[in-house]
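Below you'll find the structure, written out as structure tokens, and then a few comments.
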Amino acid sequence: ETQGVSDDEVVIGSVNDLSGVFAAVGVPAVNGANMKFDEVNAAGGVHGRKIRFVVEDNGYQIPRAMQGYNKLLNKDKAFAMLLSLGTPMNIAGFKLMDPKGIPNVGPLSAAREMLAEPMDNKFTGFSSYWDQVQVGVKYLAGEFGAQEVCTMYIPSDFGKEIADSTKDVTAALGLTMAGETTHKPDELDFVGSLTKLKSAGCDVVTMALGVRQGITVVGTAKKLGWTDVKFMNTSAGFLEPVAMVPGGVTDGLYAAAGWVDLYSRAADAVPGKFIADYKAKYDQPASGFAMLGYSAAETLVRALEAAGPDLTHEAFIKGMESLDYFDELTDAQITYGPGDHRGADEVTISVVEGGGWKLVSRQ
Amino acid sequence: MRIHFKTSYEHDIRLFPDWWTFFVYATLIVVAVLLPWIMDDFYLGEVTNVLIWAIAGLGLMLLTGQTGQASLGHAAFLAVGCYSCVIFMEQGLPFLIAFPAAGILTGIVGTIIAIPAVRLHGIYLAIATIALSILTDDLIVLMEPITDGVSGKFAPMITIFGIEIERWTTPDRFYWLVLAITIICTLIYRNLLRSPLGRAFAAVRDSEVSATAMGVHIARTKAASFGISCGITGLAGALMGFYAGAFNNETFSIVISITLLMMIVIGGLGSIHGAFFGAVVVAYLPQFLSIAKDAIGGGGVAIPGLETGVFGAILILFILFEPMGIYGRWMKIRIWFELFPFARKDMFKRQKSYLKTERLR
Amino acid sequence: MSSLLEIKNATLKFGGVVAVNDLSFTVEEGEVYAIVGPNGAGKSTVFNLISRFYDPYSGSITFDGKNLLDRNADQVADLGIARTFQNIELFDHATVLQNLLVGRHRHRRTTMLEEMLFTPRVRREEKRHREAVEEVIDFLDLQPYRNKMIAGLPYGVRKVVEVGRALATGPRLLLLDEPASGLSVEETQDMRWWIDDIRKQMGITVLMVEHDMGLVSGVSDRVLALADGAKLAEGTPAEVQSDPAVIEAYLGAGAA
Amino acid sequence: MEVLQLLVSGLANGCVYGLIALGFVLIYKATEAVNFAQGDFMMLGAFVTLGLTNAHYMGLPFWVAAPMAIAIMAVLGYLLDFFVLRHLFGQSQTAVVILTIALGFVIRFIAGAIWGHEPQTLESPLALGDIRLGGVVLGMADVAVIVVTVLLTIFLYQFFQRTKLGLAMQAASQNQMAAYFMGVPVKRVQGMIWGLSGAVAAVAGILFASKGAIDPNAGLLGIKAFAAAVIGGFGSLPGALAGGLIVGVIEPFASRYLAAGYSQIAPYALLLFVLVFRPHGLFSQVRTKKV
Amino acid sequence: MSETVLEVKNLESFYGPIMAIRGASLKVEKGQVVTVLGANGAGKSTLLKTISGIMDPEKGQVIFEGEEIQGKEPHSIVRRGIVHVPEGREVFPLLTVDENLSLGAYTRNDKAEIEKDREMVFDYFPILKERRGQEAGTLSGGQQQMLAIGRGLMLRPKIMLLDEPSLGLSPLLVQEIFAILKRLNEDEGVTMMLVEQNAKVALELADMGYVMEIGRIVMDGSADRLMESEDIKAFYLGHQEEGARGERRWKRKKTWR
């Protein structure tokens, strides 16, 4: 008897941020996943089982997250977790999931720990921040002959990973690490930090900041007349609103991520339909994270299908490890296998141009 | 109505005013001990959580309710307790030593912080402690070599006399541990209230001038209050760490500090019951809302942030309904029953009341 | 007989206001010494100087041969000086009993740790404090109010509780700031007996500020009349009351 | 030059803190309550303006939308007092504090539900264009913030100091009962001050949003504004502005000259430092009760 | 026939479960000074608070100039011309003496007259003029009491409710205050309701007197008549044989109990 599985239902859980500082990530992702599950359920479910997706709001607080895990795993008896948000929250959750062998699929955290040992029950969707920064800095260095690399980050696990990766790749490429600055999530003015980095002569600046802050940084740099520098975001800042800031404030901002921007492909069939459907369902424009949510749900559904009608954790993990398909929505090849628990291995690099993201490289 | 016939001064010093009260609390404790056989793991986990919050609430209550010092930074002391306990254990100390040592260390830290803080009043103290709470986050990052910075730490297995205790694998044992600590902390609190120091706390809260004239050293008394309060909070912090299993610099955020203060006010400032009532509301209400939402909406998210919004709205109603906290209401209901059938309907109608400035102390 | 309290050339200014002006007087052990004077003469300020709430600009204050100016406000009680406040400063959210027990604070012998564990010693001490306080309650007829919250007591009772709390400290010198203001004639009468007993039975020296001349002349041995922070007259109640300067500045023609 | 630039940007930034701090101080001066939702008020004010003026929503011209938003927020502030806070009249201020914290949750939820959780940019004429003086650049929005903040501080200061209503508000905060005895309609007066602080929050919100994007969590800024108000001395209007400026200026200098990891601590470290030496902030004197 | 300006009928007031006024009725005629005597805790202050709207009565009416005003907001009652000078010097501690006085005239708009009244108050209490810039909270007890009374006068009331105006004042000032009250009453026709522990001066000034005990009016009559009553003499005027130490314990029973 596997928990969360009955003849006509399978329970999927998620501990997410629907009201805290990362609500802008969690909300659309959950919406996207719900959209996919609604479609699947409307078509009769997977092997006759409807998917029940239960989401607990953690407000980006660990104690709340722990209550969420307690409810999902002990009360709702979730079969697997999907899209759980926050690195520390996920890690704390592993304590409970690992002994029970509960799969954790596509967490909304690009930290490397998402695939920490024991890895059997952990699956991530995309490249980690670490990889994104590695690829991004390499690209910018190669493309523009950048020499001096800098980083701006929030001192959290997220910021630390990006800062560390920046330092690592800088050293590996034989470039110089020229400066770094730290920030608080509520900081709103970056003149000081930018003056510091400018005088340090940075060519490339990697950023691990809040979305709103990222916008301000780029705008302020322009205002200060600092134009010979490339700012680079990771998937955490790879969002429509960043590109759409009026007045072309963010033009020229790079982002390294694991997928291709949705709106730049709005004319294509699958992304176009997704944008329309999402708008129709939620009366809000679809965002990159909505797309990620949908795509992660799709991965899960495919794995459930592959696992066969006798659903157990082992069968599901086998199912996951058998997946290999091209996801048109994210424009990425998704491959899992024994020993490969990461879906899309590619890192994409995009730049803001004329109010939208333009893909410039993928590797 | 119960009438206490007092035959000696001993009566007013006793833990329980009469046999009935003793009986009530004894029953409560027996039920609490038997709980793991009554409840499933989910509810047991929630009760454990409520108890941990209640301990933290007792800590803050002592400072805010008894001594009148509002702190919005108690999450910092949760962090100190949590980190020190785990670090002590990593150094090889057994839980039975590491845990109280963490409480004592947190108490000492609190006392040291109290030295400049005793000169602050009201809102100034609240903001200073907020700053403290924010700085703690950064300090944990800066002290990476001992705290492991942003990657955080994992709570080790607790072993007491060879018995292994862990939140997920042995939830019942963990619950009993928390229950025992709750009872001990409550007793300490209660003992303080019936002894000179507890009265000195109340004196400092109500009038610093006349407390001084009675020979109460204001700074020392406040520092003592800070120390004990932080010590108890530190114990709660350690338990919170074991409850979460993993923690880092973001775990004990300012939101937790604010929630703690909210909890004791809603429970009822200045009473032990208040800490428990508040913990039930603040720690369990979000979970309850979530379950209620599932029952109504059948799972899935309807509206993002709804639970937090509703939580806020309910807290507002709590405050509007009873600004003196749930404990105030509880007392009224009790009196009503005790007086039955002689209670007037509007006996507890709020008489108009008026505030005077608190800027003068 | 040596002086219990000695104030010499004390001066205190608040900005331009000279509240106490080069004032000297002594209070002998065992007497009731009253200070009278117009409103704003500096009577309460003298009390505040003795309780060490203010530092004098100049001058000295000694109590039982010890320099009071060396002590902090909270150490004054330890020396055996207790006071009441003109405007009533009780612990409003506590009962009468608790208020009086705070008065016993200077007799606290137990440590924080013992109190946390409520050891038998704490229990014994508590009983001792309680007995002392009950004596005060009996003495001031406060039995009906023992377990009442201060916040709900009428003005007059609070005044009495203030006196009780000061007495509970077991002082050698009791400072009473307008103990009878707001009391009815009957209660003032009681206060008079109480002050008498405090002095005679308990052997406590009393320094009192009061506007009710009936009470002042009834209980005090000596009276000091202040005006604008300086001594106007000093002597027996009768002497001071008949002093023309005092009549002019303080008593008014009608009272003569 | 660099120093000048840091200073000027810091001042502009500090004015935003100052504006929010003004809101805190207003409420405190008139009711002795502390409004923990002031930052969320500001966020709401910004979103209301955004909802009125952005093309995606109602698309009204900015100069129509801004006064409308200010008026709406003023009315909301008054209604909040009328329907909610008035029930707590005479109750301890801790209850009000907790209520405003909870109110912040509700406001954040409402803003998220209406405008979503992603950051949005206000289409404001202030957002465009910079002013260059020598090597120093200042956005139009920055200039607007500085001008408006200074004017508002002067106006509110005069209001409290010179008008009968201002005096009545101070009186009501010191002794509600005595204010009633003087015929001051205390509750209505407090309603007005909540309205006024709503309006101030809207102004702050508009200017804040003109400087960058906003999202429902933008109200978190309130905590730093709080620190600013306390540095200045809670209860002093010029103090609020000064505190805001101090925090605003210290930030860019700290980020410029301090090592990474330490710079973001600066405002809070400064706050603690100030409080150790002046427990009641820079601009208000310590008062002890006369007994 | 004089007219009744203020009438209290069967008033009951509570502090939570505590009944402080237990059905009190009284009348104040225009131009009269009425005094309410009573022991500590009798409910005198509560009675005045209920009239001025600071407390809501549970039952009964307060009728002012023919209109029921019980339960109304206190500021609207003040605007009708009732001013309450409360017990215990409720000044605005952080405002200056001058500002406190200005607030006394909050309901008025006649600038010139206000200034005249301010001068009048300064005339009565010269020390206030001297200290006009001092924060009221730092005044001495008696000075605060003067300020509270002066502030009450600034309202130009029709009726004044005075709660122990002589509290903490020097004997000289007590005489002066009562002279002022007498003058206001006789010259300006201000009606007054006076609560005093100093029964002698109160009865000398008053036309009518009421005696309260535990929330009830137990005795009433003209001031002269009350002055003659044995009970009043014994309990409120202090005409007791002195020295009888035992009396403290064996108090004379009041006849109205």
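Letters A, B, C, D and E name the chains as they come in the text, with residue numbers starting at 1 for each one.
The rule is simple: contacts are C-beta pairs under 8 Å (C-beta built on N, C-alpha and C of every residue); 3 or more make two chains touch, one makes a residue touch a chain.
Since the structure is predicted, the reported quantities are computational estimates derived from the model, not experimental observations.
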Could you tell me which chains make contact with subunit A and subunit D both?
B
Count the smallest number of chain-to-chain hops linking subunit B with subunit E, moving only between touching chains.
1
Taking each chain's centre as the mean of its CA atoms, the one lying farthest from the centre of subunit B is chain E
Taking each chain's centre as the mean of its CA atoms, the one lying farthest from the centre of subunit D is chain C
Identify the chain pair with more contacting C-beta pairs: A-B or C-D.
A-B
Chain centre separation (subunit A, subunit E; CA means) in Å:
73
Based only on mean CA positions, could you tell me how far subunit B sits from subunit D in angstrom?
32
Measure off the straight-line distance from the CA centroid of subunit C to the CA centroid of subunit E, and report it in whole Å.
28
Quick check: what residues of subunit A touch more than one other chain, meaning two or more?
19, 23, 27, 155, 184
Quick check on subunit C: which residues sit in contact with 2+ other chains?
44, 53, 85-87, 89
Residues within subunit B bordering two or more other chains
134, 138, 141, 209-210, 304-306, 308-309, 352, 354, 357, 359-360
Every chain pair meeting the touch definition is listed as A-B, A-D, B-C, B-D, B-E, C-D, C-E, D-E
Contacting residues of subunit C [partner subunit B, same complex]
51, 53, 72-78, 82-83, 85, 89-94, 97-98, 101-106, 108, 110, 112, 115-118, 122-123, 125-127, 129-131, 134, 165, 169
Residue ranges of subunit A touching subunit B (in the complex, touch as defined)
11, 18-19, 23, 26-27, 30-31, 34, 37, 52-57, 59-64, 66-68, 70-71, 74-76, 88, 91-92, 94-96, 99, 113, 155-157, 159-160, 184
Can you check the complex and tell me which residues of subunit B touch subunit A?
40-42, 45-46, 49, 134, 138, 141, 149-152, 154, 167-169, 240, 243-251, 253, 255-256, 283, 286-287, 290-291, 294, 298-301, 304-309
Can you list the residues on subunit E that touch subunit B in the complex?
14-17, 54-56, 58, 93-94, 137
Subunit E contact footprint on subunit D (complex, rising order):
164, 167-168, 170-171, 174-175, 177-187, 287, 289-290
